[in-house]
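One structure follows; several queries about it will come next.
Chains here go by letter, A, B, C and D, matching the order in which they are written, and residues are numbered from 1 within each.
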Amino acid sequence: MTKRLDAAADGMYVISATPFTDAGALDLESTASLMDFYLRCGVTGMTILGIMGEAPKLSGEESMRFVEACLARFKLPVIVGVSAAGLDNLVAFSKRVMDAGAAGVMVAPIAGLKTEEQITGYFDQVARGLAGMPWVLQDFPAVTTVTMATSLIVKMIADYPDMVMLKHEDWPGNNKITRLRAAEQAGGRRVSILIGNGGAHYAQLLARGVDGAMTGFAYPDLLVRTRDLFLAGRVDAADDLFDACLPLIVQEMQPGLGLAVRKYALMKRGAIRHDRVRAPGPRLTDLDRAEIDRLMQRLEQKSRAIPA
Amino acid sequence: MTKRLDAAADGMYVISATPFTDAGALDLESTASLMDFYLRCGVTGMTILGIMGEAPKLSGEESMRFVEACLARFKLPVIVGVSAAGLDNLVAFSKRVMDAGAAGVMVAPIAGLKTEEQITGYFDQVARGLAGMPWVLQDFPAVTTVTMATSLIVKMIADYPDMVMLKHEDWPGNNKITRLRAAEQAGGRRVSILIGNGGAHYAQLLARGVDGAMTGFAYPDLLVRTRDLFLAGRVDAADDLFDACLPLIVQEMQPGLGLAVRKYALMKRGAIRHDRVRAPGPRLTDLDRAEIDRLMQRLEQKSRAIPA
Amino acid sequence: MTKRLDAAADGMYVISATPFTDAGALDLESTASLMDFYLRCGVTGMTILGIMGEAPKLSGEESMRFVEACLARFKLPVIVGVSAAGLDNLVAFSKRVMDAGAAGVMVAPIAGLKTEEQITGYFDQVARGLAGMPWVLQDFPAVTTVTMATSLIVKMIADYPDMVMLKHEDWPGNNKITRLRAAEQAGGRRVSILIGNGGAHYAQLLARGVDGAMTGFAYPDLLVRTRDLFLAGRVDAADDLFDACLPLIVQEMQPGLGLAVRKYALMKRGAIRHDRVRAPGPRLTDLDRAEIDRLMQRLEQKSRAIPA
Amino acid sequence: MTKRLDAAADGMYVISATPFTDAGALDLESTASLMDFYLRCGVTGMTILGIMGEAPKLSGEESMRFVEACLARFKLPVIVGVSAAGLDNLVAFSKRVMDAGAAGVMVAPIAGLKTEEQITGYFDQVARGLAGMPWVLQDFPAVTTVTMATSLIVKMIADYPDMVMLKHEDWPGNNKITRLRAAEQAGGRRVSILIGNGGAHYAQLLARGVDGAMTGFAYPDLLVRTRDLFLAGRVDAADDLFDACLPLIVQEMQPGLGLAVRKYALMKRGAIRHDRVRAPGPRLTDLDRAEIDRLMQRLEQKSRAIPA
């Protein structure tokens, strides 16, 4: 069993794809090879069953089977997305995955929360239900439709001691990071802040004080290296490497299509056997694949040219 | 096992609430009494696990348990809502409930479908997966965000022979009914059309040619009677009865709050033991309850004054 | 010049339609007859250029011409909707209409405001720009997409002394009224609260403490009478009259179509010459018109049956 | 007077910012210098009063004054955005700007159009109103909320002979371009296709067959050069240059904030005197500006390194 998530978490928590066979079944063989691939990439941890992935397309039984397959192979911290329409089942599923060895769980606000009173009303219940389990707040307005002001997140950090991490995907969001770190300087509790949004603005956000990234970008190794360069004070090289990644990041940012791009790239890198997205889902055309091939080729060439 | 749903279905298909105990567990005792209540109301059939209800708050195991409890008690046609993010699980669940004795299944388009090509692309897959099972198309743009033109629905009726019913909740939607019935007159296949939207405009829509209603209104007996009056040619009395229902219908139409209104009214009528809505969900205040009490009292008084 | 709007305003502020000729031009002759009709209905005041009407379809020059035509004929307080994308022009237009004799202006939050900080950031600017002019806050989340918590409105009441009225159209919104009135009891400044939403829930909301209604319902005289009955302690009669109005209110609530319903009813009542809605806009079918005819006939019959 | 827009239009149609003084007034001095800047950048044409800009914040009188100032200085084709809530004023404004010397007008669908029948219903009216004036269809679902299928656009190209250009901003949208060009190959009328979306995917889309770009990117000169390199067969150099632009493009893609980024960059390049965005609008922090400074510095350095 891995160590539990805490506010010191940093680095690259890769969001795992969910591999399927061409017939659409869970592909546990690819799950194992994907885990090994992520470990070789030098990631710090992993997140599974995120809301943008294919988690909603899994049955409850499939979800648990996938969690167990990941935990059996990936011996670093695993965060499990547990967002659900009903609170009872959110809590029950959280307990099951924590018992199975997860390091923590991740929760996004349910759609329909508008006012601060509604948002804290919801998370007060979540925090009570998850008492004793480390959890991650996912701040992703573009998908959840729920916008949380910086001042509200500061309050949540103060109120919910088990909330140890913020997954930041508000956009624009650079100043939110700066204000959150300022609130810490002013005496607030520190939480880990990892960025999402496919990794967009990562180089800038490292300078703004984030602790790492949590994204499914198909080259997590390069985001690991970007941060290493930044921490080593080689800021220009970090920017160069990030800029080399950006064309593929933008390709993955395409709403709806991004997941297919990502799975195709992972298949090309040998991490999974099939790039199948469960129906209903996007299909790449030959031209799409040729564009990704070219982006990968250019990315690999440019990233190799940056001195280690 | 009940008869399978077909295009001749008409009357009142009540949308069942999902009863919970005050602790938030499935309340199977109330489920049984609720089934009996609906039968006493003279409904023709029932729909369970609809998208507006609390179906998304049930685990897969709870959903199946509730389906079985309903089927064991309610000996008229039962339609089961099977809308799901993933097609594989939509089909698998449909097979399970049909094997368990459901009369048909109901499917709404997934959010995100915009163009006619995307919508038919999705339903082509659904129709293939559900081949041999009678299914209902739920047309509810306000919730699904998917708008289906009348001409598109006419095409779907022609293309999908197992689609035997349309649940109509587009709003405004009166002219859609008129155009759909005109398409039948012009040689199109007939499907059953039941209206939703809490029953709003029911009296007008009967005159426009709908076959009945599918809604969770807490007085299904009065909607049964409204249609009986209409069919008996007593149009003014039908309008009077419907108008007497309207204040409570409007109270139930309140977004988010309506389900709590409905459950409270069902509890007051003795159909279920608790008006609990699973968290996160609305809570009524004392004033809310007093307003519903008054609406129910006035409704009962006025409806009794209309000659049978 | 009429008296300026203040927090004691109550009764019926009818939202005026904007009449057009069949060729689509401003119909100033119908504007005059419409003003006279509203005065005969016993309204207390009027609101023009509201966001749900056809104000965005008017050019700046047409808007000002319509304002002047209304002010020339209607000798009771007139509130002018001034919501606009840009603050400079919002303020400039407000000054023009106040100079022309308006009693106050009405402002809705611009779309895109999410957090309380963003909302108050916007209204701080509005309040500075409108300093010295009485203004109405329009709280209509279904149209603006901006939800304002009760606690936020209470704060705005405290912070903006020129904000003398709230137009309430949050839905569900009954408890918001109760909480706003409780905040007054607890020492907050009193503002006038008029309800919108086509008048839905008016009878209940009078009991919750609202001061009147601001809606374009085609029978403002009956909403005047509803409140008079309520204030006279004849609560059952008030409910009966309101319930008689409800079928037409619901007909007008239909998104998009409602304005055409309203204009047709006003034309039938002799208030305007044409029921033209400016393009792009809805067109009624013969069946639509027949349904409205029947609703009007039933409404007039039922309302006459209620003792004065 | 410039030549009228036709389907042979290609190259870079820059979307002009609207310059304001620090007091918020139209800055006609900066308008002149901005026109000169764009001409120096080698653009082919210009678009003003686009929906994403600050056009809705201008009064009717200011809009016309700005149009005239642009036309007086910029002696290449100018397209004027004329999207409006009302059809009558859309047409009237179009006539005024065409009379003043515009090359064509640009129209986006109004929000609320859902089905193909509704969309063509609207554009049938637009096309009739604009008969004889060349117009551009703006396909920007993220802002308009209206999604137009490729097959629908093909039909519109066939039906509306005055529609000579498509501004493409659907996202993902690469395959839409491929399908539109295939429809031409199959015998459809050719229209000019320029891409928007801030220029994202430009290098790929040139290969897919677009004729150019219409975007407000602060370095239009580099997008001109990107296309020149592509047309010269220097595809790798075109990709290198585009990739060098991408970090700033992504910075400008930030919803809401992008316009402030763009205006700051234009001010830094000497094109306008002030980076003022009209209220309500975003404000950059010092850190924001420092990030843009760095992005500009890196962009200029990298672009210089690419052989001409």
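Basically, contacts are C-beta pairs under 8 Å (C-beta built on N, C-alpha and C of every residue); 3 or more make two chains touch, one makes a residue touch a chain.
Computed from a predicted model, the values in this text were never measured in an experiment.
K.L.:
Over half of the residue-numbered contact pairs in common: that is the test. Which of C-D, A-C or B-C passes it against B-D?
P.N.:
Of the listed options, the interface copy of B-D is A-C.
K.L.:
Average the CA atoms of each chain to get its centre, and name the chain whose centre is farthest from that of chain A.
P.N.:
Greatest centre separation from chain A goes to chain C.
K.L.:
Just how far, in Å, is the C-alpha centre of chain C from the one of chain A?
P.N.:
It comes to 47 Å between the two C-alpha centres.
K.L.:
Need the CA-centroid distance for the pair chain A / chain D, whole Å please.
P.N.:
Their C-alpha centroids are separated by 34 Å.
K.L.:
Could you grab the centroid distance between chain A and chain B? Build each centroid from C-alpha atoms only and quote it in angstrom.
P.N.:
Chain centroid spacing, chain A to chain B, equals 38 Å.
K.L.:
Taking each residue of chain C in turn, which ones touch at least two of the other chains?
P.N.:
Chain C, residues with two or more chain partners: 256.
K.L.:
Under the touch definition given earlier, write down the residues of chain A that touch chain B in their complex.
P.N.:
Touch list, chain A to chain B: 24, 54, 56-61, 84-89, 92, 110, 112, 121-122, 125, 256, 278-280.
K.L.:
Provide the residue numbers of chain A that touch chain D in the complex, in ascending order.
P.N.:
Residue list for chain A touching chain D: 171-172, 174-175, 178, 200-201, 204, 208, 239, 243, 246-247, 250, 254-257, 285, 287-288, 291, 294, 298.
K.L.:
Quick one: in the complex, what on chain A touches chain C?
P.N.:
Listed in rising order, the residues of chain A that touch chain C are 114-118, 141, 147-149, 151-152.
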